[in-house]
Amino acid sequence: MALTREQMAMRVARELEDGFYVNLGIGIPTLVANYIPDGIDVMLQSENGLLGMGRYPTEAEVDPDMINAGKETVTARPGAAIFSSGESFAMIRGGHVDLTVLGAFEVDQNGNIASWMIPGKLIKGMGGAMDLVAGAENIICTMTHASKHGESKLLESCNLPLTGAGCINRVLTDLAYLEIKDGAFHLKERAPGVSVEEIKSLTAGKLVVPDHVPEMTFEA
Amino acid sequence: MAGFDKRVYSYEEAMDGIESGMTVIAGGFGLCGIPENLIAEIKRRGVKDLTIWSNNCGVDGFGLGLLLEDKQISRIHASYVGENALFEKQMLNDEIEVILTPQGTLAEKMRAGGAGIPAFYTATGYGTPIGEGKEVREFNGRHCILEESVVGDFAIVKGWKADRYGNVVYRDTAQNFNPMAATAGKITVVEVEEIVEPGELKPDQIHTPGIYVDRLIQGTFEKRIEKRTVREG
Amino acid sequence: MAGFDKRVYSYEEAMDGIESGMTVIAGGFGLCGIPENLIAEIKRRGVKDLTIWSNNCGVDGFGLGLLLEDKQISRIHASYVGENALFEKQMLNDEIEVILTPQGTLAEKMRAGGAGIPAFYTATGYGTPIGEGKEVREFNGRHCILEESVVGDFAIVKGWKADRYGNVVYRDTAQNFNPMAATAGKITVVEVEEIVEPGELKPDQIHTPGIYVDRLIQGTFEKRIEKRTVREG
Amino acid sequence: MALTREQMAMRVARELEDGFYVNLGIGIPTLVANYIPDGIDVMLQSENGLLGMGRYPTEAEVDPDMINAGKETVTARPGAAIFSSGESFAMIRGGHVDLTVLGAFEVDQNGNIASWMIPGKLIKGMGGAMDLVAGAENIICTMTHASKHGESKLLESCNLPLTGAGCINRVLTDLAYLEIKDGAFHLKERAPGVSVEEIKSLTAGKLVVPDHVPEMTFEA
């Protein structure tokens, strides 16, 4: 069974370490915040200038001057810092964020990522994604393994215009958890009930499969 | 004696001198911390062929989106231009030129422009369409592209409090692009919610020192919320 | 669970891992806002062959001047190295290499290093000995030189107040180079006068966000004055 | 009679305009602050991160965290701003300071300035001088017109290593006030009792002398 969006977020959350500064993109990455393991404290960075993003506000707390990079109203946790966009991207570009989680249309075996533009479709812009992938040393891409039509999104070489070159080292799809190194996807884990063969058939890029590929487990 | 009193008392005076064809750098992120009334004044004046530098272009009918209604913007440098049907239409009809710029590069271009740094290298955008046609150079084993900075004819900025010398403090995430924009205008106009006496702001807690500010006006703000997300509480 | 608690409780722990041959970026201007106790700890450890980036080199017997006594500094990037007899002696004897750097370029090199900008162009130093051997390029009719940024093995910083997450506030002109230095260390160590609870510092009034800070220690400071100038009062 | 240091400062102070942000170097430039004309308000920038430098402190006000670029204890005037060295030089490099006054060893007819280094003598460093001359559009150099041995310091071409190239447009010496443009010194005013001939004889660079050269006047 392919992972649900929530399971994908849960699996990514296991990569969090205590004391990590983390930037979570829009979509599944945002859900990761709901599954931070017990005993682990992470600080969420929002690229519009907030380090230490808190929960959504109550109705009474809503403040138009307090939003996140998705333009949602948010709160700041105690000990948060708020700063300019220039400072925020100094942080990001300078490699000070420990982990970035973001979605993608395609990734390839050389760590290239395409996530912002589909030629012929309306382009809304890259926002901070290009800065994030260029600045972070530790990036997890969350995406479906293949399109609805069964076309792989884990490629030998990205077809779409890139967001960043050679910058992705981990991918979590609905079918598998993989690492990218030495020009190949390395299969690390598979979704419960998903066979190695299925993953192989849906991975267009070079795939390295070890003898044993553990199945992910999720508590009920 | 005017001295360092930057106050003006009408939006007309605040935007005096803006002309068609000029470059305007705007603070704000989404609809947060945008110079609402300065934008409205630009609309009122009907100047055209503007080049805008701003992270976003507002929404239909609010923020910089207002300037689309009469096609006042010819060109915009922005990182994200969604949430705006009129914008999409003008873009598809080639009525507006969009130079998409990574958000951090956009912020740094403004900061560098204000700081007298004409150009800088960054890894952001290398190997992507953004890097095409730009000089590539390797530093410490990483490919970087050369990005040039920007100075605008006007910068329009939204602050929270300021003293009449133009020392500005921003509030929470309404800060965003405003401090960079404030440094990068040949004429920088700041609108704020409150003007206080010199000495009321702690000197070492000022976000934008008054040297960057040419005109200061106190206004009232709608502060529209783009995505109201709440929890039970 | 350590989480974001950056506190350490001894200077020994604060400077753990510093080794001979390393590059250290130091905040401070003259004797103002210098990390006195972190410098003293480096002296105590006796590590040698250090490369220092700092605006000044302290005075005889105080600040970075302490590290000259046992010839711990091989190389220093600074804008001004006066007020220090031992320094002059070591410089004339070629015991220390001095890379004089314009003050603003020095600050920008640290800021750029921390911000992931590997190099930038500036007009500062063009046509002077500082520009020799550096790439020259013209932007908007002005000749500029290419300057590369710096990241140090350690950055040592003096703050005023901090919370235990490492969010730092500086006081008055003791700020100077400290915020830039804080961003540019692989390991950034900050010593402050007071550590407060998270939430006590206003989020939008923090000078150095905790993400830059690896270790935080509370100390007591001599704060020696270099030139006491007073008026009748 | 050559101008005294105080008279030089007085003369420079007449170039101040209401609302000017001004950076004053060490020495004679510092004295300019004592002669700011009535009805004119200027804000002094100190490159260690202070805009709105005030008077020296009283004994009770002395604060080691409050110094100027000359490392002297100072105060801040109400409405001052204090910031980092990075921000301070962003201001300077970005051309936001209206007027810079600084001393020099030599200037030449092309606006070059040498002020920081005498080869063979001990070098103390340029501090912020190179940034100031590169960033300001409006610079006044204060200096003696010639050395004690009668050697001109207003040259065809600087002999000493430069602080900046082509950046000086005004010079106030103890003998004259001159503008530099189009590759020449233009004599604008002479010190009381100093003849045009004396100025000519002590100016090694190209000197343009108008028909009438007014004499400076100073109130007693």
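Letters A, B, C and D name the chains as they come in the text, with residue numbers starting at 1 for each one.
Convention: contacts are C-beta pairs under 8 Å (C-beta built on N, C-alpha and C of every residue); 3 or more make two chains touch, one makes a residue touch a chain.
Note that the coordinates shown come from a computational prediction; the quantities given were computed from them, not determined experimentally.
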For subunit A and subunit D, chains touching each: B, C
Separation of subunit A from subunit B, taking each centre as the mean of its C-alpha atoms, in whole Å: 29
Approximate Å spacing (C-alpha centroids) for the pair subunit A, subunit C: 35
Residues within subunit D bordering two or more other chains: 50, 76, 82-83, 89, 92-93, 134-135
Interface hub residues of subunit C, defined as touching at least two other chains: 108, 111, 115-117, 122-123, 170-172, 175, 203-204
Touching pairs - complete list by chain label: A-B, A-C, B-C, B-D, C-D
Interfacial residue positions of subunit B with respect to subunit D in the complex: 1-4, 111, 113-117, 163-165, 167, 183, 197-199, 203-204, 206, 209-212
Footprint of subunit B on subunit C - complex, ascending: 108, 112, 115-123, 137, 139-140, 142, 144, 148, 170-172, 175, 203-205
Subunit D-facing residues of subunit C, complex: 29-33, 55, 78-82, 88, 91-92, 98, 100, 102-108, 110-111, 122-130, 143, 160, 170-180, 207, 223-233
Of all residues in subunit A, those that touch subunit B in their complex: 46-50, 55-68, 70-74, 76, 82-86, 88-89, 92-93, 112, 117, 122-131, 134-135, 161-166
List of subunit D residues in touch with subunit B within their complex: 18-19, 21, 39-41, 43, 45, 50-52, 76, 78-83, 87, 89-97, 134-135
